[in-house]
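Lettered A, B, C and D in written order, each chain numbered from 1.
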Amino acid sequence: MLHSILAFVQAWWVELLCALLIVLVVPLIAVYIALVERKFMADVQARPDPMRVGPHGLLQQIPDALKLLFKEDLIPANADQFIFWFAPVLSMTAALTSMGAVAFGPWFQVARDINIGLLFVVGVSALSPLGIILGGWASNNHYPIIGALRSTAQLISYETTAGFALVSGFLLAGTLNVRAIVEIQRTDQAWFVFLAPVGFFIYLIASIVETNREPFDLPETKSELVAGSIAEYGGFRWLLYFLAEYANRIVVASVGTTLFLGGWLRPFPNVRWLTWLDAAPTLLLAAVGAYCVFRAGKQPAREQSLFMWAVALACFVVAAIFALAAPFDHLPFELMHDGLYGAFWFLFKVSAYIYVFMWLRFTLPRFRFDQFTRLGWHILIPLAVINVVGVSIALALSSEFGINRWVATFITTIAAIGAAMLLLHWNDKYSAAASAALLAESSVSEDTHAG
Amino acid sequence: MPIGHYLFLSLALFLIGAIGVITRRNVLIVLMSIELILNAVNINLVAFSRYFGDVAGQVFALFIIAAAVAEAAVGLGIIIAFFRNRETVLADEMDLLKW
Amino acid sequence: MLDSVIFYFFAGIAVISAALMITRRNAIHSAVFLITTLLATAGIFLQLRAEFLFISQIILYVGGIMVLFIFVIMLVRLDVPLPQIRSRTQKWIALLVALAVGVEAGVVLWLARKIPGQGLIFPNPAPADKLHPNTEELARSLFGSYLLPFEIASVLLLVAMVGAVVMAKKRTDA
Amino acid sequence: MPPAYIPLLLFFLLVLAFPVVTLIVLKYIHPGSRGGPTKFQPHEYGILPETSASRPYSTRFYIIAMLFVIFNVETVFLFPWAVLFRSWLAAHLAGFALIPMFVFLGILLVGYVWLYKKGAFDLAS
């Protein structure tokens, strides 16, 4: 018995380590994404956000999380106990489990080389709407129920759009296996974002919608629905929903990165004179460390400057690890080298993707529910289907008639953009009357119309 | 593992679904039991597909899922239309055709 | 060994939550137990190496049909306990019929194993790599031998779409 | 079970255990509630709820969900096609690759146009 367990661990230790790391680290990352978001929002609104706990509020999220953990665990009297308990667990489990098939670099993946690969990520993360609607229902309160209905309607109506956008990527890849998708972007010498730009654009919009961000944050709409479907949740259960939301954000960013942005590949992996880009991780981390040293002297309290020194030291240590691993890019150490550098580029791209989310959030006003559904059903779904047809025709043209694939891609992209213009034009003619009629009613009363 | 285990599992799910269809009054739970029955059929198809090494069973399981989607969409549409007219979803109160 | 442990784990969850599903009085609770049954069945598909079907089951059944069910339960106010069984006799008849069918099928399955020369019913599993790139194999079959059913499936979906909208949309001109 | 899924199964159990164990532990270390019955009222900003929360909601939500499920089936049929597309092209079977899916999408388009004309997508009006 013990022997077989040992053999098992020996065979799968990388995957098991990775599983443990994801469970331990992703909540931390999620919490810090929230901090970055707060700081960024504060910056946009010209104010400093948390500044007290740790230097520049770097430790703010830890007392926040502890507070949530020890808050009173309140279940409303007329709530459904069982489902109130079950729903957040479902949301959280779905969001984290879907990360099992994401490749955070060529060697960091829990389920390596599974045949359905990226589809597993997409499909399992699509279960979290169930947690939201069940949680809203279990609260037995008007606001959460309306919020849950809206939220689920929003999540599912853009899931189809995202699915069609992913099909255009799978057409180019010819496989669902995560590692094969990235490798094919290396051998094809092009990230798929350049071969299917319209598909990437559609996926970007759909992924913003699926993570409930402004300008599509209709389920939360703090001015209308209190806090949407999770108004009755507090303490650790609320924390579970929070983690699920941020984990989902990481998941959609990872899917977009893997399929369209070349996964863990360095930019221009095949161009010889750009190999100096391999030094980027070391330099970047060293620069961050140096900046921390620079700021450490300016901290108001001694503890804060000590903490800043610690951060700087951590940055330097990681930079040193990258620098030491750099020469070992041949066989016995290849795993370590590729793993480290791949993980860096992957996380870099994912962070950039999430940063774009935040950027849009602080720039654009919220959509109205009718505008939002019309955007989905009248414009994006037909556009996504046209894009799938366009990409497949471009592929067929370049393989059957020997047309240069960039020319073929350019032609079909122009055609798809033309179709989008046409759809927008029809929609404009159509929607003016509908909008005027709708403005008369408030949107909450709209939701509760019987029949 | 012999295939009989899968067949027994599928049989058990089928029977549970059948009992649900017969005994429940709530039309929605009757529909859910039908989904359970379709699911039991799928287990059989996939098990035989694995044991004969022929992918056709899985293709048909996919078609059954598509048919289940169609059935659920229309069935629930009928329930909504019925609820709008009669304000009930109990199977034995749906007796318009009974003289 | 590991395979049978996984099978019994998922089979146990499937049967228990199916039994709970048909006995809950609240329709939402039934739906939750149906979700666990469907997820356990997806696990059994995976154990049978039907990977694409595993993910289709999750995307279409759990993430699709069950969301639809929960929506409808909320829309038609079914989320309150309802009077359940029509009559005691009906319950007994149902159990009796189910038991009879179960015993009959069970006996057939059991006996078939004993009859010599009838090995067809209990074949040995095909080699594991027979269907190996599962999605590719399934696609080759779906777009090869089963191309016509595939196109017909799209007609079925069209009919379902039209039918459901006709049923559910409020009639403004009636 | 294909061997690559075994770590995934363990990962799933680990992820499931995290919230479940924490919820159970927190249940035992939390002190009891000190509030009265008002604390357990539904949180509707101080206004007592007048109607039951489980009242009928608009059927447009059903129509959204139904369309989503049906379009989702179409995408699930598209995935295997997309996976095989490149190998068909490599065998110079472009027509064989494109025509079935165009027929499929064409039938879908008929339904889409009908729904558009019928106004099924105008969920807000």
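Heads up, the rule we're going with is that a residue touches a chain if its C-beta (ideal position, glycine included) is under 8 Å from a C-beta of that chain, and two chains touch if they have at least 3 such contacts.
This is a predicted model, so every value here is computed, not measured.
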Compute the shortest path length in steps from chain A to chain B over the network of touching chains.
2
What chain sits nearest the middle when you go by CA atom centres?
D
Selected pair, greater C-beta contact count between B-D and B-C
B-C
Based on mean C-alpha positions, I'd like to know which chain lies farthest from chain A.
B
Return the distance between the CA-based centres of chain B and chain C, expressed in whole Å.
6
Just how far, in Å, is the C-alpha centre of chain D from the one of chain B?
20
Note: chain D sits from chain A at a C-alpha centroid distance in Å of 16
Mind pulling the chain C residues that touch 2 or more other chains?
3, 49, 51-52, 56, 59-60, 63-65, 67-68, 71-72, 74-76, 79, 134-135, 138, 140, 142, 153, 157, 160-161, 164-165, 168, 170
Please list all residues of chain A that touch 2 or more other chains.
114-115, 119, 145, 149, 152, 156, 159, 176, 451
Going by residue number, chain D touches two or more other chains at 2, 5-6, 54-59, 61-62, 65-70, 72-73, 76-77, 79, 83-84, 87, 108
Once you've mapped the touching chain pairs, tell me: line, ring, star, complete or other?
other
For this structure, give each pair of chains that are touching.
A-C, A-D, B-C, B-D, C-D
What residues of chain B sit close enough to touch chain D in their complex?
62, 65-66, 69-70, 72-73, 76-77, 80, 84
In their shared complex, at which residues does chain A touch chain C?
80, 82-83, 86, 114-116, 119-120, 122-124, 126-127, 129-130, 133-134, 137, 145, 149, 152, 156, 159, 176, 451
Under the stated contact criterion, what part of chain D meets chain A in this complex?
2, 4-8, 10-12, 14-16, 18-20, 22-23, 26-27, 30, 33, 37, 39-45, 49, 51, 53-59, 61, 64-65, 67-68, 71-72, 75-76, 78-79, 82-87, 89-90, 92, 94, 97-98, 101-102, 105, 108-109, 112, 116, 121-125
Contact set on chain B toward chain C in their complex:
1-9, 11-13, 15-20, 22-26, 28-29, 31-33, 35-36, 39, 42-43, 46-47, 49-53, 55-56, 58-59, 61-63, 65-74, 76-81, 83-84, 89-90, 92
Contact residues on chain D for chain B in the complex?
59, 62, 66, 69-70, 72-73, 76-77
